[in-house]
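Each chain gets a letter, A, B and C, in the order it is written, and its residues are counted from 1.
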Amino acid sequence: MFLDQLANGIVLGTIIAISAVGLSLIFGVTGLVNFAHGDLLTLGAVFALVFTVPGDVDPGGIGLPFWLAVVLAVVLGGVVGGLLERGLFRPLRDREVGGIALLVITIGLALVVRHVILLWIGGDGYGYGLGLQRRESFLGIDLTPRDVMIVLVSLAVMAGLGLFLLHSRTGKAMRALADNPDLAEASGIDVNRVILVTWIIGGSVGALGGIFLGMTEQVRYNMGFNLLLLIFAAVILGGIGTAFGAMIGGLIIGIVTQVSTLLPVIETNTDLKLAVALGIMIIVLLIRPQGILGKRERVS
Amino acid sequence: MTADATAIPRKDALVGYALVALAILWIFAGNGFSSTSFNVFTGVMISAGIYAIAALGLNVHFGFTGLLNFGHVAFMAVGAYTAVLLVPHGVGRLGVVGGNWPLIPAALVGMALAALLGLLLGIPTLRLRGDYLAIVTIAVGEILRLVARAAEGLTGGVFGVINFSNSLQNLRPGFVTTIARELRVPPAQFFLLISIWILVVLVWLGLRLLLRSPWGRVLKSIREDEEAARALGKNVVAYKRQSLMIGGAIGGLAGVMLAMSFGTVRPDTFLPLITFFVWAILLIGGAGSFAGPIAGSVIFWAILSQTDSLANTLFSSSAGGSAVAAFRFVLAGALIMAIMIFRPQGLFGKKEELLLEIK
Amino acid sequence: MKSSSPFIFEATNVRKDFGGVVAVNVDEICIEPGTLVSLIGPNGAGKTTFFDVVTGFQSARSGQVCFKGEPISGWEPYKIARQGLVRTFQLTRVLARMTVIDNMRLAADDQPGERLYGQFLPGTVRRKESEITGRADELLERFALTRVRDEYAGRLSGGQKKLLELARALMVRPKMMLLDEPMAGVNPALGESLLHYVQELRDEGMTFLLVEHDMDVVMRISERVIVMAAGEVIADGLPGEVRTDRRVIDAYLGEHAAEQIAAAEAQAREARHE
């Protein structure tokens, strides 16, 4: 039982981690907590769904091979992220709209995106039609081959992202902006371009996270919003604004909440694992508000 | 004393009141001024009143103190559950009967517990940047609902709490029934409408007094410049905590009245989306103004009640309730965005007093 | 811990660093009651950070601060202010969207109406409010601000804002004031009257620690001058002694040009602020 939940936790944890990276990067670079991030995940999952489902199966799609659908959805997720920056957030920044207004705007955006999806695919849950798989033992833990693939691809994407942040010009600029916006701007970084790249990465990686979530559960209009709470817990635990913190925090939150479903009360009401995540979040805020990897100055 | 605090440009206020009048006219016109139009009006104004109270509470948080509370529904849920479990009610699958409190003390305890929730929420968050309060409140709003669903022994789980409405209707004086019959509205509905709007006025008056007092002056200084307030010896965290508690108690009251209007309380009565209706209302009316939350609520519910029929024609009546509900939320979200982008001060707010940066 | 120390303010071994860079490293700054002491030093010497640390706005890495014989290190800023140690800011922090008189009333330290329970004592609150308003009006009179009493504070000139900040701080009834560049961005005439008020208050028994850039002013009005550079106190003595101190001259001469640029910048910032 414990090993099963540990296995589920590792899968959930990597999904949270990869979904949290985008939120954390965007916060780091722009200072904006994007409450619509969860719904961008859903959007990615829905794109993949309508690309891969045949036309005669609900909600009606175009029947591409799954891998191609995933690639297209991830690209489209990046496009959506980029469009939000170019069409909404950059113009608002140029008009010097304040941080509070931006935060509230992301709340409105979340409502719009989530319910446009509801109008689009309805309230039911859908699968990608991938068929059931049997669990096999990997390194002593039972997982389906698909789970293993999700974990490995997520880890590879995060490793790639890590290398990008540490070594590429743009990645370094992103970290510089997150560390000290004034200094970075003064040192000649093209801030708008860096922010655009951040949104594109956040959107595409988020879409991938949404697809993975849809593969382990179902694609539903509110799936991303439900994951958002776990993502928040993850970024606060890891240190808000740090991409590496989001990865570590995501893994921990995924494993702890999933293993907590073995506890008597939560066993019968698995939704309550969200309460465990909230508990962790509040404890972190009380004893180390900057999280595992965060910097003290950012929190107050 | 602080005439400047609430003075709004006269033209803006006139436009605001005109819009309220138009909204009400719209409800009647949309129903052909027929005998049913007063019934529709009653229904809309019940919702508008409840959400006006909720928005007045959120206004204390956001409008007057700058606190980003995205979990207002949690306060409403605590107030509602507490009150309906104290008054005579049935609960759960079997409808087990319990409770013997009169409504008014029960509602007061509900408000007190909602205030207690505010106190607790403040502990991990108030010393940190504003975004942390936003994150924790949005999480608590969702999780309380899940806890209510799991705690079936207390809350009846998904079956909820029922048969408590008499605790309000028992207070109905005879003349209200007579008038209601004259107007051809169900007396229970009519009395609900009246009690809700009496509460709206009481809360509004109370907040006006409180926020124009020296206490409100300190709150205002915190909204404007926390550091300056600190340097002058004001305990900023304590004031924010009090603001959370007072706004939370008012939210709890709104929850009690929401319960009375629904007649049942289930965990899914308190979806996080309610919070965002309240936000839309507050932003329409203008955060930090006194009349704003009330006017905003009337306008918002007039729009919603009329768009329901619009949605029905848009998505054909076969689309069913979920499409209509979805359309409502798209509308609420779009309203929130549009107001923040084009008129962040809302109808009654003052542009100069807008809060810009997260502190 | 009440001692018979001759000092009203004692800061010992105060250390503060930002990510490994030492900002403040003060072994000892002690101040006698009723004196006017200036704290000078080149830009980045840690003067403002020292103010922030001793008034609780930033936490120190280590050190002990005593005020009126009581240790106040680690206290919240509001408690330190209530204890009677009040600061002003380099960039004025008047509450722009409140009137001048409300800025003053806000600062009063003893209005029960600021408490929730005070709402149940409307009579007391009203009496107190008129007493406070009286006190505020006297101070406004003294600082030549009566004319703008009912204006929004945001409409005042830079110099008037400085005066308001000083007057407002007095509403807290402090025993000692830390003034961070009270003359920056103030026209000379207003500056003179501001100095005049400071000296008057000192003669009435107030203690001042003053960060100031104008050397003429510092040498003219201070009883003692403390010089900081790179976070440390490098000289402490009578104005005449400090002026001729070798280390002080070294620290300053190299910085003189930078100093002037910084002053110009501060002025521009102030102007944009309005």
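A few comments on the model shown:
We adopt the following convention: a residue touches a chain if its C-beta (ideal position, glycine included) is under 8 Å from a C-beta of that chain, and two chains touch if they have at least 3 such contacts.
Since the model is a prediction, treat every value here as computed from it, not as a measurement.
Centroid distances from chain C, each centroid being the mean of CA atoms, peak for A. Core chain by CA centroid proximity to the global CA centroid: B. A straight line joining the Cα centres of chain B and chain C is 44 Å long. With centres defined as mean CA coordinates, chain C is found 47 Å away from chain A. One finds 31 Å separating the Cα centroids of chain A and chain B. Looking at the complex, you find that chain B touches chain A at residues 66, 68, 70, 123-125, 127-132, 134-136, 138-140, 142-143, 146-147, 149-150, 273, 276, 279-280, 283, 315, 322-323, 326-327, 329-330, 332-337, 340-341, 344, 354-358. By the touch criterion given at the top, residues 55, 57, 76-79, 81-82, 86-89, 93-99, 102, 105-107, 109, 111, 113-116, 118-119, 125, 129, 152, 168-169, 171-172 of chain C touch chain B in their complex. Residue ranges on chain B touching chain C, taken from their complex, read 1-2, 4, 209-210, 213-215, 217-218, 220-221, 224-225, 227-236, 242, 352-353.
Contacts from chain A toward chain B in the complex involve residues 33, 35, 92, 97-101, 103-105, 107-116, 118-119, 122-123, 229, 232-233, 236, 240, 265, 268-269, 271-272, 274-275, 277-278, 281-282, 285-286, 289, 298-300.
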